[in-house]
Every structure is written in structure tokens, then in C-alpha cells.
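Both complexes shown next keep chain A, but they swap its partner, so chain B is in the first and chain C is in the second.
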Partner chain A sequence: MGADSKARIREFVLDNIPETELADDDDIFERGLVRSMFVMQLVVFVEQEFGVQITGDDLRFDHFRSVDRVDELVARKLASV
Partner chain B sequence: MRALRVALAESVPVDLAPELAKRLFFVSSAIAEFDLVAQGGVVNAVDLVISDDVEESAIAVKIGKVVAAEVLTQRPLPPRQVWRSPVTATFVDPFPELLASDTAFVAGEGQVGFGEPLLSLVDYLDARLRSIALGLPRSREFRYPTLLPTSVLDRFGYFGSFPQFAMFVTRLHNDIDVYGDFVERYRAEGHLPDTLFEQCGDKEYCLPPTMCYHTYHQYTGRQLPQEMVVTARGKSFRHESRYHTSMERLWDFTIREIVFLGGEDFATECRNAVMAQAYALLEELELAGFCEVANDHFFGNADTAGKILTQRVMELKFELRVPVAEDRDIAVGSFNLHGRFFGESFGITDSAGSPTASGCVGFGLERLAYAFLCQHGADPAGWPTAVTDRIGDPGAARPHH
Partner chain C sequence: MLHGLTTDQRDNLLAFARFTDEHLLPHANTWDHQERLDDSIIAELAAAHRLVPTLPVEAGGTGMDAVTYGLLSEELGRGCGSVRNLVAVQGMVAHAILRWGSKTLADRWAPAIGTGSVIGSFALTEPEVGSDARNGTTTARRVLDGYEITGRKKWISFAQRAGVFLVFARLDDDPAAFIVERDSPGLSVSPINGLLGLRASELGEVHLDSVVVPESNLLSHGRLTFDLVATSSLDYGRYSTAYGSVGLAQGCLDASLEYARNRVQFDVPLAEHQLVQQALTEMVTSVEAARLLCRQAGQMRASSHRDAIRQTLIAKYFASRAGFEVAASAVQIHGANGVSADYPVQRYLRDAKIQEIIEGTSQIQQVQIADLTLART
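Here is the complex of A and B:
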């Protein structure tokens, strides 16, 4: 389950960056791989892909910085559904 | 004028009420006043005062459009304060006294002229902010012309994001026949012709909405050997559709701007350094206030919700807000990071040839001074000594009666 969601997140990020390799703990924003608007695409992706709602305090940048962090957020949201 | 209540086709959660409020005056120039009607956690109607020449249904349609396209598409985010002044303020409305003492002069909508002691206060506040700017690494000051080429705003899509603020500068097109026809009609009719703008095709210049665009213009296509800071003070203009008679919101105002050009870390460090010093200045001025995550007033655009969410989630914009009454505060400064957006848009590169990152900080000088008067009064005798000691003899700054 965790491995599967992480793979889906990684695939989405890789589809949207110029590079073909990405470590799960790489800060995708700090490395300048994406424009800032990508955070919005990530939010929408997570909601649609995993059927969860990202609102309020979950909308913190720290949750979207790397594949690992997004996966942690997804796991937490799925656990609370 | 008539008052009426317009029910909203789709109700708006109260968390998003500010986003509706800041757009309402831009919905139609017929709206003179408004109040949001909230019940059970949602805004379900708007009380309006509108001019007589418009249909109620037409206004309702326009409001519905903005609610659906630009308000409900947003995700409510809880306010996030990052600093709060320890000062507790009491408030006065200083404007009647400023007018009575001939210190302030209302020149037009959102336009206020002023003299002493306000003049010395504004200059003092600017001097303090300027010295914060000049204390940053490799900082330089410039004075820019007021006019800004329209092409500068066009270059990064300003008009697609903020059509409501744009101010175009035009003139009678330079052609002997245009002048001749204009003068003939002006003399015959005794007033400016209704078709005046048909003779004013020129739109190459704008009034600047803020100072930093002059700086990106200045460094367009240039490679910066080092990271650098630029500060400038100048007149800025944002049309906000309705103005109350005070100095809280002005159409024509002065910004002290500080622009950071370099790597993302440099821009972030400079921004944070200015934030910390601005907090210290507010405390020294004995002002209540706070700093919180904010967003720009994007308008009339399908990307509005995405841009606002991005700004807020990534904390790209903070506003320093100072209360001017028990129930009201105004932004006196904003602290912004842009990523490489302006570096890419203007072809400004670092020593390695990559687009530079940027950030900027802007302080509204009249607003800051006005907020100071709201908390300390119009008479320098009531101002903190930290200010009066440095401005000089407060008696000398008093207006002449």
C-alpha cells in the first residue's frame, strides 16, 4: 500500500520534471525542478488520485516538498478516512 | 442611490468572505457601498447601495459570476500569523483633525496631500526603512521616473492577473490634424469632447503599481556579477474603485521598495532580515500590529484560485498589518519571494548565466504614517519620544494655525 502510493506519487512528479531520476527525499522545489505553481498541481493530484481532501492545516508547503513527504500526508489522510 | 439585498445563488463560506469583500467594488462601478450578510457560517446575501441607473438583476449576475469563478474556486486556508507586536493600542480617528488643522488636503478620490507634522513623520519613517535597505549586502539606491513603459508590465503578464489596478497614461496623439480638430471642438462645445479617447491612441506608458518593476526593467537582459539589493522610493498607483475619505487606502501613494536579486537563498535571507527589522521598528514606534501569510489580489482570471493557493501554501507573501481602529487593520508592508519568475521574464541572469531569483519588500509610507496617527494621535505631543527625539522639536513640526 505504502510502496504503491509512493510509486504513483513518484511517477506523477517525474512526469512533470525535466529529469528522469529523483530520490524520494529530494526537495523538488529547492532543486528548482518545478515552478511554484506545481504545488497546486500536486494538491489536485493527491486529492483525485487518492480520494482525499486536502484542506486547512494540511495545505502546508512542507507536506509537498518531496515524494516522501507527500506520501506521509497521503498515508495520514487515508488513515483518517 | 438605492439600497437593496441581493441573495447569492451560491453561498460563500465565511472563511472566504474576505476574498468576496475585496472583489465587490471591482464587480461594478455602480456599487457604492456593501455589507456581507452572514448566517450559520456562510454568506448568503449582500446588502448593496447602488446607483439608480443599473438593473438589480444585472448586478446580481455580475456578483454571481465573481462568486462562482473567483471565490468558490479558492480553498479556505486558516490565517497564519508569524509575528505579533506586544503593544496594545488605543485608537483615534485622526483625519478630521488633520483636515481642520490644514495638515491634510483631499485632492480627489484616494488622493491626499499633506504638510507638517505628517510630512516629517513620513520622511522619518522612510529614512528608517531606507537605512534597513542600505544595510543589506551590496545595496544601492535609485530614483526612477514615475512613468513605466507598458511593455514592462506586458512582459510578465501583469494585465492578465491584475486588470483592475492598471492605470494607462495617454495624451492627444501628436498630429497637427488631431490637435486642430480637438481645439476646434473644445472651443465650440466648451468642454472636452466625449470622443476624446479616439484621439488618444498612445498607450506606451503606465503609472506603476509598485516600484520593483522599474528595477526588473533596469536589469532586463543583464548578467549580474554578484547578488545585489536595490532600493527605491516612488509614487505608485493602484485603482481600487472606491475610497473612503482618509489615508487608509490611496489611489496615488508612495512606496519604499527593496528588491533582492540573486539566488533563492539570498532572496529568502534578505526578505527575512527585513521582516525582523521591520518588526523591531514597529515595536520601537510603539505600534500594535502583526505579520501574516497573505496573497496578491489576482482578479478576473481563471488561474486566480491556483495562484492564490500557491502563494499561501508556499508562504511567498507576508503582510505586515497595523490596526487603525478596534475592528480594522491595514497592510503597511509586504514581503515577497518570486522564485525565478522575474529573472526568467526579464532575462536577468546570475554569474553562471542562469535566471536569477528575486524577492521584494514594499512599505506604503502614507499608510504606515496614518496607522501611526490612528494609534498615537495627530498631535506630536502624544507621539513616542523614540520618534519625536529623532525627528527634532515636535513643536517645530506642528502645523501653522
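Here is the complex of A and C:
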């Protein structure tokens, strides 16, 4: 997708981790920044913000690793509706 | 409390309250005593599309919104904690399958559970692993005709009655979730009796001894099985438990008000003794505060608000603790009658303790709420 969607995703992630900076390709899980509830929060956010539905086909941890990956997932979902 | 509800929500609430007064309250002590729900109440819930009302219509639900589902959970909790638990668990299992499963699994199981033709159980906890549920030891391995699962699941609500289990296990050292049918060879259930509370929840220990399921029964595999599939189910259950605790506390308050008005000691009704008034004030304040937190969580859930999960945790934490305190006060106000099987408050007190243990103990929630709050910037 684009700069705008990435910015929205980045802002959400930053709002929910104890850090103030994050590169779009940073692995937010590898850096140990997030807790067990975070993926669920991220999914609620993505669904609401972009009007897509995350389903069983999307159940791959890799899709949620970084701002870039989430953005790719959203773009794929939007393209398939 | 009708303030802030739409006309539809008010009408629904009144209908839910009537159902509780007519179909749950007259029987809840009996079910508690016999440690089993009557089949007829499950059939009545199914007929009213209230087993999993949040499912879409084609899956046996009514597409009920989160706010209304909260109102239903409150009323079920006021009537019978185990009925409320049944409805919560059916929702957890049916939604997990509908949302995360293949179309075949969803078509096969979501409507079956939604219409009550099959009861589902959510099998996560094990004898040695509760709060640390991520680290269960039940194991699956690939075999010729699917997966073979071995392990034990304990404290599983409605395992005695269930026709299908959502079983969490490890596969290739990653979490996985499977649909396991009751009649699978190698699966057996031993009833757990004599519990303190939620005695009619028909708990069981599920033994899986090399149970083979077809490949297509794998619902999910990988880290998100825990971080998304299990956690979303628990979040759904927690919302029900939060509101159910409000209902339980309301039931205690109603019973205590009536008792305090009628029971005379020292020539006046209990209600005229100021220390009893103090207890009633603490109770009514707790009920109202807990309900407001649930309402807030419900509204956030209905709009998929980004803070809905944390608010649900807060509501469950507060309401379950408030429920226990209110129930203890209710028993105290009732004196000896409070501990007698002829009154509901002893059951409420026993059930209230359970609400502080299921879907995350109060201590685990203290950690989770602080974590999520500290992470916010």
C-alpha cells in the first residue's frame, strides 16, 4: 500500500509499545517490544482501520512481524475484496 | 439500568430478564445441587437462538451486537452462572471455528453448535498447566491419516456433555488447535464433581490417548494459534464473565434488599439498621460501577475500538472481584439463611469465586492490565 497506510500502522504500533521510534522493517517481536495480547490488538486495529477481515488463511505470524509486513497483508486483503 | 440503551436494547434486556426470572432462577439451585443442567434448558436456549446469538443468522445465531450480548450475559449470570458459562463456551468454540477454520470445518461445526445440536468444549487447560497455558504438554504428531494427539486436559467446562472439543496441543513444537470429536477412539472423559462453584458446568478431565484426527481437523498451527486464536476466544469469554459477574452481584443485591426489608430484628426490619444500610450501599455502588465498566467495554467492542481488549480485561477484573465481595455481603445480611440451600446467595458466593479464576485469574489480569497500560504512549 502506501505511505499513508504505513504511517497509520506505525502510529498504532508505537502507541502500544514502550518505544518512540520504529523502522518499517523492524521486527517488533524479535526486539521483544510486545506482549502476548498485541497481535490480537493489532488485528482489531487493522480490521477496523482498513475495513478488512483477518481469517484463518492469514494465520501466519510473519504477516504481523513489522509495519511493512502488516501493510503488505492489508494491501493483499484490500485487493481481494 | 436502562439509561443509555437504544429502544431495541431495552426491549431485549426486558426479554432476557423475563427469561431469567421464569426459566433460570426457579431451577438454578437444583442444577447446582444435581451438578448438571437439565437438557430442557439447553433446548430452550437453542430454540430462542441464545446459545451463540452473536453468530450470523445462517449459523444459528441472530447476529447479536456486542452491547446486547453483554446484557444477555448479565441476565444469564443473574439467573445461573453455569448457564452463562455454557453460552460463553459455545460462543468461544463456535466463533473460533467460524473465524479461523476452513470453510468445511466452519460449515460443519458452527451451525451445529449455534443450534445446540452439538455442545462444544474449549480444551486448553491441563493438570500441570493453567495460567501458563502457552506451555501445554499435550502433543500432536503427523501420522499417515492425519494427526495423532496424546495428552490430558483438565477443568474443561461441559466436557461431560460435549460432542466436539477444540483441543490445543503442540505440533512440531509450535502451538496448534484441533477439532476432536467425542467418539474418536482413544478419547475419554472423567467427570469432575464436588466443585465449590459453577457446579452445574459439568466439568471433565479429557484424556487423549493416541487420538487420530483427519488432517482437515487442524484448525490452526503456529505461534498465532496461541497469540490470536486462543487469546481471542478468551477475550470473548472474559466479556461474558465480566457481565455475568455483574448479573450475579445484582442477584445478590436484589435478594439482600428483599431480605433486609422483610426480616425483623430488634423490632425493626434489618433495612433500618444503619450497618445493614452501609453494607447495602457498598453493594449497590459496586454493582453500578462494575456495570458501567462492562457497558464501556461493550460499546468499545461494538465499534471495534482499539482499546476494547484492555477495557474488557479491566471490566472482568473489577466485576469478578466486586461480585465476590457483594456475594459475601449478601450471605452476611442473610445470616444463617444465607448459607442455606433454600436461598440463592450461597450459590452466588460459591460461583463468584470461580469468576476470579476462569479466563485468567485476577493475578494474571493484574499483570496483563498493567502491561497493556504501561505499553501505551
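Here is the rule we use: the second predicted complex is superposed on the first by the 80 of 81 C-alpha atoms of A that agree within 3 Å, B and C clash if a C-alpha of one lies under 4 Å from a C-alpha of the other, contacts with A are read in each partner's own complex, and residues count from 1 in each chain.
In this section, contacts are C-beta pairs under 8 Å (C-beta built on N, C-alpha and C of every residue); 3 or more make two chains touch, one makes a residue touch a chain.
Since we're looking at a predicted model, the values are computed, not measured.
For chain A, the partner with contacts to more residues, out of chain B and chain C, is C. In the superposition on chain A, A:F12 makes contact with chain C only, while chain B stays out of contact range. In the overlay built on the shared chain, the residue A:L59 is in contact with chain B and with chain C.
Residue contacts after overlaying the shared chain place A:M40 against chain B and chain C alike.
In the superposition on chain A, contact of A:T20 is made with chain C only, not with chain B. Looking at the shared chain after the overlay, A:D4 reaches neither chain B nor chain C.
Once the two complexes are overlaid on chain A, the chain A residues touched by chain B in the first and by chain C in the second are 35-37, 39-40, 43, 55-56, 59-61, 64.
For chain C in complex with chain A, the residues that touch the partner chain are 99-102, 134, 219-220, 222-229, 231-232, 235, 303-306, 308-310, 368, 371-372, 374-377.
Of all residues in chain A, those touching chain C in their complex are 12, 14-18, 20, 34-41, 43-45, 47-48, 55-56, 59-61, 64. Across the complex, chain A is touched by residues 75-78, 264, 306-307, 309-310, 312-316, 339-341 of chain B.
Residue ranges on chain A touching chain B, taken from their complex, read 29-30, 32, 35-37, 39-40, 43, 55-57, 59-61, 64.
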